[in-house]
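Paired with chain B in one complex and with chain C in the other, chain A is shared by the two complexes that follow.
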Partner chain A sequence: MGSYVLKRLGTSLVVILGVTFVSFALLHIISPSPGRTVLGLEASPEAVAAFNTENGYDRPFLLQYGSYLWKLLHFDLGYSYKLNQSVVDLFGQNAGRTAVLVSVSLIIALFIAVPLGIAQAVKRNSIMDYTVTTVAFTTYAMPSFFLGMVLIEVFSLRLGIFPAQASQSTSPWVVFTDPVSMALPVLSLVAITVALYSRYQRSAALDELVADYVRVGRAKGLTMNQVVRRHVVRNALLPLISLIGMTLPLVLAGNLVIEQVFNYPGLGLLFYKSLESQDYPVLLAYALVTGVLTVIGNFAADVALTFADPRIKLR
Partner chain B sequence: MIVEDNAMPASTPENSLPEPAPATRPEAPPAAALLPKPDPRSPGGWRGVAHSFAESKLGLIGAAILLLAVGFCYLGPLFYRTDQLSVDVLNSFLPPGGGYPLGTDDQGFDVLGRIMLGGQASLEIGLLAALIATVIGTLYGAIAGLAGGVLDSVMMRIVDILMSVPFLFIVLIVATRFSSTVLSLSLVLGLFAWLMPARLVRGEVLVLRTREFVIAVKGMGGSRWRTISRHLVPNALGVIVVNVTFQVADAILAVATLGFLGFGLYFPQTDWGGQLSGGVSHLLDGYWWLIYPVAICLIGVVMALNFVGDALRDAVDVRLRRR
Partner chain C sequence: MPPTTPPAVAVARTRENTVDPVLEVTSLSAGLVKGSTVQPILTDVNLQLGAGQTLGIVGESGSGKSMTGLAVMGLLPKGVTVTGGSIRFRGTELADLAEADYCRLRGKDIAMVFQDSLTALNPTRTIGRQVAEPAELHLGLGRAAALSRATELLGLVGVPRPAERLAAYPHELSGGLRQRVMIAMALVCEPSLLIADEPTTALDVTIQAQILELLDDLRGQLGMAMMLITHDMGVVAGHTERVGVMYGGSIVETADTARLFQRTRHPYTAALLGSIPRLDSDRSVELDSIPGAPPELGDHRVGCSFADRCTRAQPRCREQTPELDLADPEHAFACWNPEPETAPAAAGPVPIELSVRTDASAPLVSSVPAASSVPAAWSVTSSPPVIELRELRKEYPLGRRLLPGREVRTVKAVSGVSLQVRAGETFGLVGESGCGKSTLGRMVVALEDASAGAVLLEGSDLSRMSRTELRRRRRDLQLMFQDSFDSLDPHLTVSESLAEPLEIQRQGSAADRTERVGQLLDEIGLPRSAASRYPHELSGGQRQRVGLARALALNPKVIVADEPVSALDVSIRSQILNLMRRTQREHGTTYIVISHDLTVVRYIADRIGVMYLGVLVETGTSDEVYDTPAHPYTAGLIAAIPVPDPRVAREKERALVRGELPSPVDPPSGCRFRTRCPLAQDRCAEVEPPLREFGGTHQAACHFPLIDPVA
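Entry: the complex of A and B
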């Protein structure tokens, strides 16, 4: 067990290193001279050259990458020239809000999607199953910004129950305790996630329902309900563990759009604004943070799965 | 899913082959007669896939919607001619009616004609991006799966890395530097969407490479390229084709998101996503005809692609089980 976790940790570190390299190289290709971007089109070539020299942007690519890594090791994510603030500070201010939105939505979505998917599988081809499948397919086929806009139209413009703009508070705790203004962003993210997970949960449960232990359970006199609750649920939950790890990037991407739709000042909105102002250090940091979260998610899911399912062989 | 079976009893109404008369049975039947008789109507291979696909209602509905959408977008402009090039500000935001079945948009373009035009771009980007991604992913996955060992590990770690870099980050960064045309958007999306097919195909190849016919090719001195192109890819084709449908759907949605974030096609070019995001900015004005007709088209086509993909996956699964 220990050696498996260590090995898995090693590959995760390699992947994280690769993420830093790819994002850094991509930005380097797109914007080889940050001085021009920072100082603007009006700046003289001498000033741009001086800026690049001063900040080391005229050095060879690998040297720049090396010093970027060195800074990363000291938790220095760079400096936002547009917002005149260190990126670590910026992320410190915004990450909490994104964390609240994403984690609350993810937890609610799991509590809906898991029972829903299992119920669909048990009552396969019933009216309930067809209805849920149709709704899930429709939600899944909607661009997330459109979903958010529809919710705004219905709940905010027509019914006037929830505000169209998310909470603007800087404190994650205030955001967390303000369900009215967070209802629509959370609802959007929950809908996207449930549409994704309930389909997988349904097919995972379907696979389990034909397993031998279900027949054994029925043969020894358990009702179908008991078999499902005692045995099927546990087994059908296993694929979901790796699914959560795998779909974390999708949820974060959905979060980016949702933050933009509801003007919620989290990491997604910060990323989008930095994209508009070509604030590359912030973009780089966003890619890194999201990448690391993805890798951690996959790692945690793999390790959790080996603990939860003793049938999985450790290598 | 109903699995057609050759060993079905001859008395069932589905199988009307005449039973061999027992009285005339020779004492030692020839070896060929002992083999199961091939039923001429028995679905096998790709015909079988088509057969079980036809059993899925949702799949058929999806295929019908897709045909309808293609006809609407490509044949529609031949019968319903509109001017989609010159701006007509005096006639902007007209509600449906009076020569404009679906009204006009902020530039005075006829919305119905615009949806046809936008649909062409959406479908083309989706298909082209999916094809690029599938070709790259298939070859990459096949090579990695066949090579095995260190090369396989390195290649798959590269996939892991690229999968961990957020997709929107890559696409948006690249999109800020390139003008958005149908071709460039397809390239950008396709060049970063091949990771999933690569993983799928590698997994498939890992299973296939231990099968006898691959070992036989090796034994007969067939080259690696021949093994990949003639034997592995055709056998993994089911999984690949299923993935294409999902890829097309994802690419159409991704372009829509790009349009919303301001990196869609350039005016006066348009796609459904761009039209939809333009429409929702008039949500407060109550111009519903700018939002819902195009939304129905976009969602309908993406749903149809998912239906077709799901039905195909089930159909291919049946084929795999029979093999």
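Entry: the complex of A and C
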């Protein structure tokens, strides 16, 4: 177990290093002269050159990459000239809000998707199953911004129950302190996640329901409900652990559109604005964070699986 | 473990109890409801089972034998319902029992044991919890009390150190142990009826013998009635008092076990018995085989469902459905033109006895004559070897080495096997699963590299061939697989599958290849129209024919057939075996047939090699090995085969090879078999026995062989 964790940490570091290299290289290709981007098109070439020299942007690529890594080691993600703030500070202000929004939505989604998927599997090919499947596919296939707009149209403009814009409070706990204004962003995120997870949960449960131990359980005198509760649920949850690990960064990415639609000041909105203003240091940091989250999500899922599934041994 | 009840007593008790049966199934019918139509699955099934009695239900896949068991359990699959008749269990009618009442009955009064599979037990729950579950459910025991009951039962079914196993998970147990756990789980509440559905089908013969013995013992101890559902006539012969033979969803013949085997009346039962290769079958004669395939479950036609495959069929058989004539309750059969009543046939083969001597100095004497007296039926020693194995080894590392200096543990799959196979010969390789026989087969066809030693094809070492040379020579080495469904690409038609080896070896033009595909289909007895079919459109037997045709496509010198008939129904098995022998005679192909089924190997092979834990413990002609086994392991394997003859089966001693195969990671020192050998002495742990000559081609590696070695 211990040596496995060490090994996995080692490989994770290599992957993260790869992510930094690729994203840094891409940025370097897109914006080889940050001075021009920062100072604007009116600035004289001399001023741009002076800026690049001053900040080391005229050095060879590998040297620039080296100093980027060095800064990373000191938790320096760069400086946003557009917002006049260090990227670490920017992330610090916004990450909390996104994290709370995402976690709350994810947990609500799991509480809906898991029982729903299992119920669908048990009552497969029933009207309920077909209805849920249709709704899930429609939701999943819909672009998230469109879903957001539909929700705004219905709940805000027509029914007037919830505001169209999310709370602008800077507190990360705004989901709990101002649930009404956060209802629509949460609702959209939950809908998208449930659509995906319930499909997975349904097929995972179907795989388990055909397993011989279900019949053995019935032969013991358990009712079908008892077999499902005592034996099927836990086994059907196992594939979902990996899925949650893998979709951790995806939820963040999907969140980008939702935050923009509802104008919720989180990491996603920051990324969106940075994209518009070509604020490269922020974009680079966002790519890196997504990469790191992917690695962490997979790693956490693998470790969690060893606790949940006695068949898996880490070596 | 207590001794088995002598058969005579068991039969006597049975007679007493038939007065008040535990289970009485009368005119039971079940069908798959599709809209307003009902597709019949079971038709007019009649059964009676008394306390302490074992009823065998025997049939091929789709015969409805499992459905009968499930109907009694009230666990018919979704959509299938009982459409008529009654199931009375100890006076209670089950056919229309409410689900809640059924739940109280299942696991308590009626229990069921299924075929072992990896998912038969919940993989994420401990053995203890799963065995204790029925006790908590039905007996109202608390967790602790239920667990101690589970420990008791695990001990009863022969799980070693049961208290320690409570916390184990299913994947940590071997197949044999898992099956014991399944049995323990079924018996926790001491049911009065146990339904065992193919309880030993997935297990090795040695383990099968132990499990069947265990079931017999427990039935006696607990006074249960048992319904033993199986496809194996041998299992039925040795372990039941009464048999029902099922075909096409009906019971076609039922009688006392002895009577059914000796005075068979239904042509299907007779044909089934004739198609089973037996240890004493005459190898020069083709096996009887039943043409065609058994009907699928739910196929229904007017008249007798066996008529199309029956040699005694008359016009009437296709017009009127014969009913089970219950006039003679001792022996009933459903046939318009039954086999003539005959006197009991001649006695079967004498079972091999294994005498145990503790005196190490005295030679062990067996009841069978020495090898020299057996004439060799076949002699192919004059032709040069096509395949030669020299000290062949294969070891698989367990994980990778992380720190230098630390020894990597290896699975020793094959540990130094040397043998020669001559042109036109069929060499049979037998052994329990995990003995390395499949690995050996894969090395022979160069699908697996040897860790040490060499495979020589006509004198040239496969491992020293260049890539292109090996690629060219692969046309001489072909493999035939067990599961024809997995081994045929589902996206390729039969003709594409058959033409592929020809294309890869760049043989002939497209037209030539099409012609060759046609020839191959003729040869294996499929219509040429089958060329455009996909694998899923063929039956299991037809797919296995295609598998053979694909192996034959390049006219190879050697075909390695790994369990070629294990996945097939009994009546189809003989068709494929006959076909394999016929094609061999025509082409002079050399076969290496790998099987766990000793009767199959006995029937098809000229020479036999018995493998145990990676080493060859005995080789010789099949007569030498089967008639006068020298190695105790071989003798034990032969003794464990269920013989489809009740008289022989009843006289058989209890399983000779006990326990399970040790881990191939740390094989026992000296003789690898010593941990399970009834004859083992100190010397067996110290010195690895070399192969010794026993006359003719007979060789065995044992310090205390059952027959005297030559010089």
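Operating definition for what follows: the second predicted complex is superposed on the first by the 311 of 315 C-alpha atoms of A that agree within 3 Å, B and C clash if a C-alpha of one lies under 4 Å from a C-alpha of the other, contacts with A are read in each partner's own complex, and residues count from 1 in each chain.
Criterion: contacts are C-beta pairs under 8 Å (C-beta built on N, C-alpha and C of every residue); 3 or more make two chains touch, one makes a residue touch a chain.
Since the structure is predicted, the reported quantities are computational estimates derived from the model, not experimental observations.
Trainee: When the two structures are overlaid on chain A, which partner does A:V295 contact: first (chain B), second (chain C), both, or neither?
Mentor: A:V295 contacts chain B only, not chain C.
Trainee: Once the shared chain is lined up, is A:L41 touching chain B (first), chain C (second), both, or neither of them?
Mentor: The answer is neither, since A:L41 touches no partner chain.
Trainee: Among the partners chain B and chain C, which is in contact with a greater number of residues of chain A?
Mentor: Larger number of chain A residues touched: B.
Trainee: Tell me the contact category for A:A211 with respect to chain B and chain C: first, second, both or neither.
Mentor: second
Trainee: So in the superposed three-chain picture, is A:P310 touching just chain B, just chain C, both, or none of them (first/second/both/neither)?
Mentor: Once the two structures are laid over each other on A, A:P310 reaches chain C alone.
Trainee: Just checking: does A:Y272 make contact with chain B only, chain C only, both, or neither of them? Give me first, second, both or neither.
Mentor: first
Trainee: After superposition on the shared chain, which partner residues are touched by A:I152: those of chain B (first), chain C (second), both, or neither?
Mentor: Touch status of A:I152: first partner only.
Trainee: Both chain B and chain C contact which residues of chain A?
Mentor: Common to the two interfaces on chain A: nothing.
Trainee: Give every residue of chain A touching chain B within the complex, in rising order.
Mentor: 11, 14-16, 18-19, 21-23, 26-27, 30, 137-138, 140-146, 149, 152-153, 157, 249, 252-253, 256-257, 260, 271-272, 275-276, 278, 283, 286-287, 290-291, 294-295, 298
Trainee: Flag every residue of chain C that touches chain A in the complex, lowest number first.
Mentor: Counting only chain C, the residues touching chain A are 73, 75, 99-100, 103-108, 111-112, 114, 117, 119-125, 133-134, 137-138, 169, 171, 182, 185-186, 399, 402.
Trainee: Okay, in this complex, where on chain A does chain C touch?
Mentor: Listed in rising order, the residues of chain A that touch chain C are 3, 7, 211-213, 215-223, 230-231, 234-235, 238, 308-311, 315.
Trainee: Touching chain A in the complex: which residues of chain B?
Mentor: Its residues touching chain A are 157-158, 160-170, 172-174, 176-177, 249, 253, 256-257, 260-262, 273, 276-277, 280, 283-284, 291, 295, 298-300, 302-303, 306-307.
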